[in-house]
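Each in structure tokens, the structures are laid out below.
There are two complexes below, and they share subunit A, which is joined by subunit B in the first and by subunit C in the second.
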Partner chain A sequence: MTAVEDTPSVPLSPAGNPIGFGRMPRKEDVRFLRGQGNYVDDLNLPGMLHGAVLRSPFAHARINSIDTSAAEALPGVKAVITGETLAGLGLAWMPTLSYDTQAVLATDKVRFQGQEVAFVIAESRYIARDALELIDVDYDPLPVVYDAKKALDADAPVIRDDKEGKTDNHIYDWEAGDKDKTEAAFAAADVVVTEDILYPRVHPAPMETCGSVAHMDPVTGKLTLWTTTQAPHAHRTVYALVAGLPEQKIQVISPDIGGGFGNKVPIYPGYVLSIVGSIVTGKPVKWMEDRSENLMSTGFARDYHMKASIASTKDGKILAVKVDVLADHGAFNGTAQPTKYPAGFFHIFTGSYDYPAAYCNVKAVYTNKAPGGVAYACSFRITEAAYVIERIVDCLAAELKMDPAELRLKNLLKPEQFPYTTPTGWEYDSGDYEKTMRVAMEMAGYEELRKEQAEKRARGEYMGIGISFFTEGVGAGPRKHMDILGLGMADGCDLRVHPTGKAQVRLSVQTQGQGHETTFAQIVAHELGIPPEDIEVIHGDTDNTPFGLGTYGSRSTPVSGAAAALVARKVRDKARLIAAAALECAPDDLEWELGRWYVKGDPSRGRTIQEIAMDAHGPLELPDGVEGHLDAQVVYNPPNLTYPYGCYICVVDVDPGTGQVKVRRFIAVDDCGPRINPTIVEGQVHGGLADGVGMALMELIAFDEEGNNLGGSFMDYLLPTSMECPDWELGETVTPSPHHPIGAKGVGESATVGSPAAVVNAVIDAISPFGVRHADMPLTPANVWRAIQGSPVRTDIAVS
Partner chain B sequence: MQTPAPVDYAKATSVAHAIELLQQLGDEARPIAGGHSLLPMMKLRLAAPEALVDLNDIPELQGVRIEGDHIVVGAMTKHRDILESAILHEHYPIFREAEHVIADPIVRNRGTIGGSACQADPAADLSAVGSALRGTAVIQGPGGTREVPLREFHDGPYMTVLEPTEVLVALKYPIRPGAGSAYEKVERRHGDWGVATAGVFVVVRDGVVADCGIGNAAVGAEHYCSPGAEDALIGQPATEESFAAAAKVAGEQCNPSADQRGPVDYKRHLTTELTLRALRRAAAASQGA
Partner chain C sequence: MQVTVTVNGQEVTRDVEPRTLLVHFIRDDLLMRGTHWGCDTSNCGACTVWVDDEPVKSCTYLAVQADGKSITTVEGLEKNGELDPIQKGFMECHGLQCGYCTPGMMMVGRALLDKNPHPSEAEIREGISGNICRCTGYKNIVASIQWAAEHPVSTEASEVTA
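Let's look at the complex of A and B:
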């Protein structure tokens, strides 16, 4: 059961919803639960055609020729597009979100299994798929780089020979922290522990795969694109830049989205192909990938090979941490990071602890694998960072023979140290870490669990207790530091209060299941006193919402949530002037209570926000400088990230005879500042915890020596089910962000970031009597058993 | 959405009708039962039959019944009905134990025992059960009916002795008074195919193993069984040592291949471990424990 307490009661609306923060059912659920959502694939336009992508069976091969004649001859086929067609239009290649290029359709060679080779447009999805089998591609297979560790070998085949002068598979080197200071701390330390830690390639696997419907109106020249995107505005600008289309004539609509998790941040060749298809045929063209296409070709996550070292005194005071990363980016650098940070926010790996020195070096390489690299609720690589620090701290605890809880408590940052600047340059806003950790330990009954573990061990039973304490930096971000392709990460927000006092709030961020239509209505309700059911949230349509960079990296509440609060305050300020005119007093004589301005000292004289709305649109004479209507606009440029954190404790039972792991309990105490809608927050945490169990125990995309993707279907790519999830035990502490208008810190990815380490630490703790200090995810029964045998497997390549 | 290639469809109303349709529609026609193996393969375009003959509306292929000293299970009996069958559970709890770990309720609501046998997936749980119990397949074709021991029914992975115009009608299992049975499986996740499995029956008389059958799925055991392990156990005292020795043989004599479910050494170990666990429980049940 959850230990969460309801937030203090706020007044209820006539519909029984809190006018402000508190639990209420999600407004969007009414349509989702009735099956009345409207997803991209639900769209059917008159005359619409269907596209299908031919994909490469090879991971690396030269294309000698493509014969499309048989496909073109199939009745119902309207056009077949190849790389050559696109090259003629200057569209064979497109920019990625990290200043690399990616083939829309392969021209010279294919560089990963599943790469786009040709595009068929036909009258139905079935015919389009049938036609794919009639396309004859002549390939010459080439040697494959399937192992990131061999990507920089002298004899490794050069994958990106399309780039002039490229003679190896190196992408970039990037570092953070103070190397010399770190080395000095290591030299002086009593204890140094080093471990090779892999965060294997996984996939966000949203329930709805990626797709689009493009309609280039041949008469008006307007392109309307309904598409699965988490960032409609950013996509619009990129399409304008890529295709040379005038931006005012591009409308990107992101209707209901069935999960994103970062998978729907990049622009995929399929989207561009649907646009080209519509231009070529003059008809709307739908492209919707199937499950295997989604798993094999769209944005994967992680694939970080990390060598981590931690230095401490012999009584467990951490002195320094360093991490060397080999980052596998696949065939094109398609990661979506703020420009300044090619490795995202990985350098937050210093974690939640107080020590002076840290350093990391990230070396990124090309391999013959699908491109991507930032996805799956990772908060720009904070997942990798949180995992590596929490794993290596446990390794240190094992080395010191110290309880991992005690080691953490000894090193956690203290409340008085905030704002705290980390050795790699982040400024943590606020925190009371020890309190959160104590709440989690209390909920878990930590001491009793350790007793139980000792008793069980004596009987030959293996239970494990794993702790993870994580700090995230979310809400990217200050535009002077953070942009994607030159687009600063600030968000606009518009609010209009209609004459009857009902409001519409327009957001740049797009929901993929996070409950924005409820949360943002509650934020406005909290500021203006308008019931949330009277506030419509409008999003996902670039023609009808202000510019902003979209939903990912847990940024919606930290950035657009702040914008919504500020725009509501702006409206409130304007309402004050109008109320003063109506009440014939000075604005300074008015005082605010939720939903109403009233005269100081005479509370019976006042105007509700609804009355003021009518006044604002009516004949009331307004003071000079006050325009009519009740609306406002803001752009919020966050001064800093917000830093949610939490302490997770996982209890597992391991069967050493089979290697099977059972997650028995999971305690998650999150501090994301004030909870706007606790039910939605808990939903986000539940989902993220399931993700964490999945990644820790079963999710994996590995490759064999030929570069075959070994996770290309849901029979191979295992997602956890309810059967693998215990009853989540949730708790909270509340430490507001000092610089956010409502103190909220964002929680969309906390659990995904924080939970894998707790599960892995628990499993390793369980099997530590066999001398195991580390084993890589996913901890499948085979991998656990092999770890117990002292011969752990490499999980990124095919099992042999 | 995954889209299969064009396909014709016909619904059979009796076994004779099904055979007739298969004859008419030619070599590229296939029966369809629950569709939980065939349809995914068609959607992935790994299979592209030209026509499907639907067996779902043939009453004679349904249900579990006792005929003499055998239990007869119609080929179109669904996993769920096997899971819930009181007859099977009374004589062989192994069925319910196996069904509990086969796929998920959605698959079990449509997938059939006959489809599972004919699909001949190397990891098919009911094939290990059928081999362990030394069951028999009842097959009907244009020339009449024939019976084939389940230990001869499969010709290797995804291959059976069925002719293209033959239909599997039923599976028969001899009733063995006093037998205990058990099924063990390790999978990476609920609903996943096994990494290794073991299904056994044991008859213990006067402390001695009078009879037993040992089946293993997913580990390349020929015909899903381990006759070597059975030989090692029959006639031995029903003790932990005997079970361990037999289980060791099962692990040694299977022929697993490495894949994402695990390496060979693990699969051998697991075969031994699960066979041992199943033997223990089945023997205890036989002895009324």
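Let's look at the complex of A and C:
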């Protein structure tokens, strides 16, 4: 069953593609289907060497000495680099995207298991790995901070003693909302519900791990870096600033990327090491991490310990919400989000409801774990925000003995309230929330499901129905408020229409599977009437695309999509002047229809965009002030974020004997405004829903008392397969963003943000007859069983 | 040591270290980059190829084990310039996004259809359960394999390519 309707028919191109929005096969598929993609590890340059990283087996240990002599003596080894080598170059430490520092290679001590200690460069990847075994590091293990809740204890070891004057593991305190107003609302409330809610550490785990090939040309001094980055332009600037390399001589190429999900936003030591390796050896150097390195050292996600409280009247009108967060950032604060918001956009936790008061404070701490935190399709921590509000609303429903759907409907924002300023300062652009929720309930057959549940409970069977209603703010962002490391989050876009009417559009964003080569061609097609197959999308190469901040936080369509629409409109405006010259009339006398300017009142007289393109490059005499050729460029600075939303309903069956959860159905109704290519949008939603099932039921990076990472391979870090995922049922409503040129809101992360709460709410609903009101993710059979027994354990640590 | 294999119908002989994994042999020695590597532990299936028509995870299979055998990779699916139905299915049904798991998925999907030309949805889901995709949530992969089942190569075409 599906409630997705195809977009209204648009003219089809000779190739059968919509000249504008609609379903069409992806242009990028032709190479992937033939095994002809071009991923970083596919690169094989003449003379290329291979790098491998030696990593710390300890979570916290002092380094007494590193002996690399045996490794250097191994035939085929070209160089071994240590922290000491880098310190001599001033490169032992690098800045993170949060104005902290991170060791490229450890010098003084190691601070998490898997931290980078040495780098071997050899003739083959096998020899490089062999050499790692020959490096002798003398460590003195130190006490470990494995539990964020103990990070600020008086006797906790100080992890960041590299920072002058640092005497504890505190990173920052940050707050949003009105504390006094919120406390007053709580004091006056009939009902207050409080719950400790953990969003445990998980990992984006894209199928392609991180890696790079660096080539510093010793003659020209030009550095070319092929790398798994979601933000090639930002990386180029950071490399220029960190390494003192001239920015005009750095070319960052992000070729085909095997999934990103935020894992490929930060700059990792391995990338820097491949550059240093190329400088040292004068040869191209490839570094590709293995799966354990990816899971143990690169950007994790979440790790938020949240205490949430909700206040309401006795009939279920929400009055206020507050959340205290303890944020585990690992050993280096390496999160990637707009500078002004150290906790990302977490303060959107007020959700989709109408109430006057809210407050949160976030305390961030260092622990002996890998750095990261903002990743895994999180929309800058809106995953945590959406989860906590949707979980605590369900706890309130349980307390009030109200149906969770009814409680939500009673509190959802109303269409006439938009634009709506939330108690923590966000300005939601548009929405008709109740409509979306009704569509989801209709698709699910909500009333029938509740009847079925009651019948089953009477028979001792435990099914659960979970609802989640989420609102995201995506498309970072307005330059005034949002920058990363001082780089404003506006995106450039260039469009050139060639003489024959075929076009190239150059984007600053980069696809990791989102289908930009198709979607952006459709945006330009929609604006200019050029068939999408005649439009080439160029991206992922800093020498050949305009500056912009990259693809993450669901920002490609809200920011670069707007840029693409506007640059096409700029070309259309110029085309009008050229058409007027060709038709010997005034520009004002011309009217636009898709692909053509024509004379008002005389539609037979007109010039197609293809004819205009040739005119623009030909001998036609152009009016004063009109340059030849048909191209334009823009920089789009979004006036606000866009606010997609959705209602998700999950149906599960739980075996109380084993704690096994089976996701039987999942209904997802998203409103992301108009859908440029509905097929691609649905695909993105499907993927995010699988993430949600994975995080809710399976995925976890836990640690033991020694700081050992217990999720360091796919044997231990469990990802959902085709067996855990149901046949997703999608629906949609369409509420355009009023400030976006084509009304589109962004959708890439919606499902990852919205779905975990629906799954958890369904499981808790199923086992609520056992008196369970909350249990933490992942709801593995063991954890569900323990919750049913009334003896839940912390999921994030494994202690004996 | 010397290894002789028939890869996508062509016999090749190479000297390899005994420890060389089949996935590295295919990618680094034969320079066929369509087969991907994803996990080292046989969990993800990005490296799936066929050895004598059976799907094998080439990250945990030595190149020397394939000596004298026939290997088929994603590059071998297309015949005489015509995409295999499984490839067409993935395109028609948007069965791929980043493309990284896709070669492995198509190799298990094709192998499934060769044994069971009309699998049920449950059989398809079980058939691809050894392969992980992080982008698609599997729904469209299942649909892609169903599409391929419904659009098999015609007998005539099979004879031409045989």
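Simple rule for what comes next: the second predicted complex is superposed on the first by the 797 of 800 C-alpha atoms of A that agree within 3 Å, B and C clash if a C-alpha of one lies under 4 Å from a C-alpha of the other, contacts with A are read in each partner's own complex, and residues count from 1 in each chain.
Operating definition for what follows: a residue touches a chain if its C-beta (ideal position, glycine included) is under 8 Å from a C-beta of that chain, and two chains touch if they have at least 3 such contacts.
Keep in mind the model is a prediction, meaning the values are calculated, not measured.
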Contacts of A:A798 with subunit B and subunit C, given as first, second, both or neither: first
Partner chain(s) touched by A:Q514 [first = subunit B, second = subunit C, both, neither]: second
Which of subunit B and subunit C A:G683 touches, first, second, both or neither: second
Touched partner set for A:D147, first subunit B, second subunit C, both or neither: neither
Contacts of A:R291 with subunit B and subunit C, given as first, second, both or neither: both
Partner chain in contact with A:E72 - subunit B first, subunit C second, else both or neither: neither
Contacts of A:D130 with subunit B and subunit C, given as first, second, both or neither: first
Partner, of subunit C and subunit B, that touches more residues belonging to subunit A: C
Contacts of A:D168 with subunit B and subunit C, given as first, second, both or neither: neither
A:D589 touches, of subunit B and subunit C: first, second, both or neither? neither
Common interface residues of subunit A - those touching subunit B in one complex and subunit C in the other: 41, 125-126, 290-292, 713, 715, 721, 723
Touching residues on subunit A, where the partner in the complex is subunit B: 41, 125-126, 129-130, 133, 288, 290-292, 657-660, 697-698, 700, 702, 710-711, 713, 715-716, 718, 720-721, 723-724, 780-782, 785-786, 793, 798-800
List of subunit C residues in touch with subunit A within their complex: 17, 19-20, 24, 27-28, 31-41, 43-44, 46, 73-75, 77-78, 83, 87, 90-92, 94, 96-103, 106, 121, 124-126, 128-142
Subunit C contact footprint on subunit A (complex, rising order): 25-26, 28-39, 41-42, 44, 125-126, 204-209, 256-259, 261, 290-292, 512-515, 679-680, 682-691, 713-715, 719, 721-723, 725, 727-728
Subunit A partner contacts - residues on subunit B that touch it in the complex: 1-3, 5-6, 40, 44-45, 104, 186, 188-193, 195, 258-263, 266-267, 269-270, 273-274, 277
